[in-house]
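Across the two complexes that follow, subunit A remains constant while its partner is subunit B and subsequently subunit C.
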Partner chain A sequence: MNSANHKIRTSNLSRPGGDMQWCFSQVKGAIDDDVAEADIISTVEFNHTGELLATGDKGGRVVIFQQEIDNKNVPQFRSEYNVYSTFQSHEPEFDYLKSLEIEEKINKIRWLPQKNAAQFLLSTNDKTIKLWKISERDKRPEGYNLKEEDGRYRDPNTITALRVPVLIPMDLMVEASPRRVFANAHTYHINSISVNSDNETYLSADDLRVNLWNLEITDRSFNIVDIKPANMEELTEVITAAEFHPHQCNTFVYSSSKGTIRLCDMRVSALCDKHSKLFEEPENPSNRSFFSEIISSISDVKFSHNGRYMMTRDYLSVKIWDLNMESRPVETYQVHEYLRSKLCSLYENDCIFDKFECCWNGNDSVVMTGSYNNFFRMFDRGHRRDATLEASRENSKPLQVLKPRKVCTGGKRKKDEISVDSLDFNKKILHTAWHPQDNIIAVATTNNLYIFQDKVN
Partner chain B sequence: MSATTAMEVNIEARRILAVSISKLYASRSQRGGLRLHRSLLLSLVMKSARDIYHSSRESDAPSEAQSPPEEPMDTSSSPELPEPQPEPLSERNSSETAVKESDSEEEDYESDTTEDKENLSPARQSRKRRGKASAAPDFLPNKRARLEPGEERYAAPVASCRVGAGESLTTLSLNQVIPAF
Partner chain C sequence: MTEQGEGARTLEEQQEMEDKVISPEKAEEAKLKARFPNIGAKPGGSDFLRKRLQKGQKYFDSGDYNMAQAKMKNKPLPSAPAEKTEITGDHIPTPQDLPQRKTSIVASKLAV
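Up next is the complex of A and B:
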């Protein structure tokens, strides 16, 4: 299953018997129970090597963690990540024309593959995408002719000789600077960005449109999908997520609020309103309710690393689709089916609108997604096993193995089980990320980032 | 649908309608502006709830005391209305009709119709809905519909509104949700 370009660590994902055991490694963020809204994590993303882990929050801030180099080859401590850089990516803005505030919340971060010493990432809020350059500086020049060491200018009359400034070592400084700002291309709220495998272009998607950008050009973008109806009162569906194929630079998919996914080929025409493939599973009529439309809305779509499958997340399930079969998914995993009978309450407390993300592991054998009560779920595709784990401060002793959790759906509650009515719906895990080459995962609760690694014997 | 009575379904549908309307109003003051996706989902739930509410009202119709006064109105307006059909609700819910389009269709389908002023008045050929009742339930904000240019506000007598005032506020909101963009 490994593609040629993909190095997988030999420490295997599944032991004989297919048991995965996960250990706590670190937790980042305030211990306070009183969460400041600006600190709510809104996106988590590893870079292509897994050495860097970026988070974005509601306050428009980006925090980048770096894997501790010294420990990278020490199995027990290889998932130690420390703060590398913090910067304010987006600020709140005001659209005077529409009298609307534009939130600074970071909706998505996507890393660019590394081309030189610096690292680049794209971060976006509802309206504007920015390309950030993160570079290290560990030397500074000393011995200017016209300036003193503290920066004051010298009196030219006192300069009698000329010298060449030398570079001297200094404490490592990591600087983030905005290199491009891609603005004013989206009328609606941006929900996705995706970098193309050609490393030259990327797409951004809002509720009704998908735009194609060149990373170098900020004053122009091409609209490649437009589902806005002529009469807005005829609107029946919106775009919820979009992603480029990992290898085919002409292919991308976008998901809709109706539970469909469309695959488009940019070679076919400039405007990709006509899809090449439409992935849709017929609805199970016995599951019909007031809320059927809401729960079938897809909140995330992700291609597998090998490019043969894609995964979608709707409110109650994760589905794996074979790109060659449009009629139905090849695998369906129930994340929290016990919530199906609670949809009315979840509608009233707004939880039914929560947008959960999902992710693949490095070799596409396991998928992961979040749930409520700070639970997150893993589905081992090959061994047909699944696990429910919890990210909590109580289970935060170093290298403590996470105990599988179980939700009791009715009848007698066993010890250690938790009943559906006791679940805390304010503690939701919407964002998770899996290291591209190793069994290290980052799981975001409301304002904390948990890092787990698989158990090393 | 489970084996609950039409009355329970009716109550449930009304509750969901009320919750949805208050969510819609709340979302107007949300930071970052109206979210199109969320508004669309809210309007879909409201449409479902309203359709089910009407169908459960119709199944209750013979047993309700209100129905007799409605009949004279029905016969007078029936020439104007298309043949009311027993609506295949599930099909309608899943159909891809426009929100507004289905509003108008559903209005035609009502056999227990409210004072259907649009169809009675020759000047009112528009299939657009607008405010019918000015009396709102206590639990809902006291707001009037924003009228389209050329529309007039009709003060419908409350007694003739067979469907509660909540329904009229629903119809306001559904139309206003999407065009707000």
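Up next is the complex of A and C:
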């Protein structure tokens, strides 16, 4: 989808002389602290117009929210997101051959661009991708000749005249039906899916392989990347994320656990094991520690909307890469550098393996990613400003402006600052999404979905 | 830091000490090595990756179970473990070890 074609209504994130201002809009989910595992949100994604917002959870369920179109021309009031549809996308399964359980957790949801009245999305768990059709029904036929309204057949002898059935309005019903199931193509766990700009194909990536599918064909997929070594003892890195270029249907990237990104061109060869470009930041070998490789592992990669840049997220930072320069990123933003002196305990409690995602705003001027203590970070690329905000029930009065948060790294703790040791590492924001056109963001805490919008003056 | 009487430090030790001061990461590494002295010489290597590739709970396998039972017949029964420990490594899961798995038929709380 060419971003130049649709109007970017994003107002500037920062005000002249002022800070970025975000307001609470809505929060979805239960208030109680006792979180059931099934309710843990595992993915959040806006569709291409931003009208629909989908979430997936550990219980295999998808909930879709729809933005209500408001007719009121009230600038302070932005439309709200209300439940549009919810369905069970994946069920827990069992691999009998390996005696392994297959989790129903939804790893990723990706929307297809809208082609007709229905909406389509791809949702995936560790092993199976499904194409779901979400359609509306607001009319039903009435006045059949052979059937009564309740479905019983009429006695043909009583029919003396013919009539044409008419469509009468009914309460809106939103139905979700699985149209395709793409199964049995991944030995390892699927971490990414990405729809191609050609609207015909999509890729799915697991730890060692990337496959290319046609949306219409479920019994075949092409393997386009295979990094499995002949001897598994020689395994040194795994694929962590993959994405198609937003405009060039022949180009995709995949990131690795060693902090590298490979760009591949499908025109070069059928099997893209040999990359066209390799993006890697040189590391000072004297700085290397036991943790270096673990924290350099890329947990997410996202192309900018204009297709000129890509962003990667590793444990401590967000990096922006110019696709024309492989030697190093053009921008690096520290998400929570203060954690560098806590790596030992973060390794022991496994937090060092947390996979944070990242996202761009509509005009690629601001990027966002999550952190701990229900904090999330925004980096304004143009104005070189960053902000730390918090998603919490305490700041959830309607249109309440979010106060910037600050982590104190040592010495005297100022009022309103929080010290590194007081951070709650169980409150992680791994999934965030930005409306493709407006300054509306969706931020997922463990089991709640927060929607914030920027303050309109 | 003053030199101790036992002798001059080697260049390596000196460098390591300086590293701890300059790099918080190296200080954290030292902490980790102190707690887990056997931690792999090859950091972040195959161990992590293999553990990652095998994510997922191993369930009851009747073949493994019967083989294990056959082996056990000749040995006296060991006392049952006091707490429910995680099923790892060579432990053959028994029906009693399995947590109950159910489809979530409840609607998502986000959809309320």
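Here is the rule we use: the second predicted complex is superposed on the first by the 426 of 457 C-alpha atoms of A that agree within 3 Å, B and C clash if a C-alpha of one lies under 4 Å from a C-alpha of the other, contacts with A are read in each partner's own complex, and residues count from 1 in each chain.
We take it that contacts are C-beta pairs under 8 Å (C-beta built on N, C-alpha and C of every residue); 3 or more make two chains touch, one makes a residue touch a chain.
Just so we're clear, the structure is a prediction, and the values are computed from it rather than from any experiment.
With subunit A as the common reference for superposition, the partners subunit B and subunit C occupy clashing space.
Once chain A of one complex is fitted onto chain A of the other, the partner contacts of A:His189 extend to both subunit B and subunit C.
In the superposition on chain A, A:Tyr144 makes contact with neither subunit B nor subunit C.
Contacts of A:Cys344 after superposition on the shared chain: both subunit B and subunit C are touched.
Shared-chain residue A:Phe290: touches subunit B and subunit C both.
Of the two partner chains, subunit C is the only one that A:Val83 touches; subunit B does not reach it. In the superposed model, A:Asn231 lies in contact with subunit B only, and not with subunit C. Considering which of subunit B and subunit C touches more of subunit A, the answer is C. In the overlay built on chain A, none of the stretches 39-47, 111-119 or 129-137 of subunit B clash with subunit C except 39-47. Residue overlap on subunit A between its contacts with subunit B in one complex and with subunit C in the other: 100-103, 126, 188-189, 207-208, 232-233, 235-238, 257, 290-294, 344, 347-348. Listing the residues of subunit A that touch subunit B in their complex gives 95, 98, 100-103, 105, 126, 188-189, 191, 207-208, 231-238, 240, 257, 283, 285, 288, 290-294, 297, 344, 347-348, 350, 353. The touching residues of subunit A, counted against subunit C in their complex, run 28-30, 38-39, 41, 55, 57, 59-61, 63, 83, 86, 88, 91-92, 94, 99-104, 126, 188-189, 207-208, 232-233, 235-238, 257, 287, 289-294, 340-344, 347-348, 447, 449. Of all residues in subunit C, those touching subunit A in their complex are 23-29, 31-33, 35, 39, 43-46, 48-50, 52-53, 55-61, 64, 101, 103-112. Of all residues in subunit B, those touching subunit A in their complex are 12-13, 16, 19, 23, 31-33, 35-38, 40-41, 44-45, 48-49, 52, 90, 94, 96, 98-101, 175, 178-179, 181.
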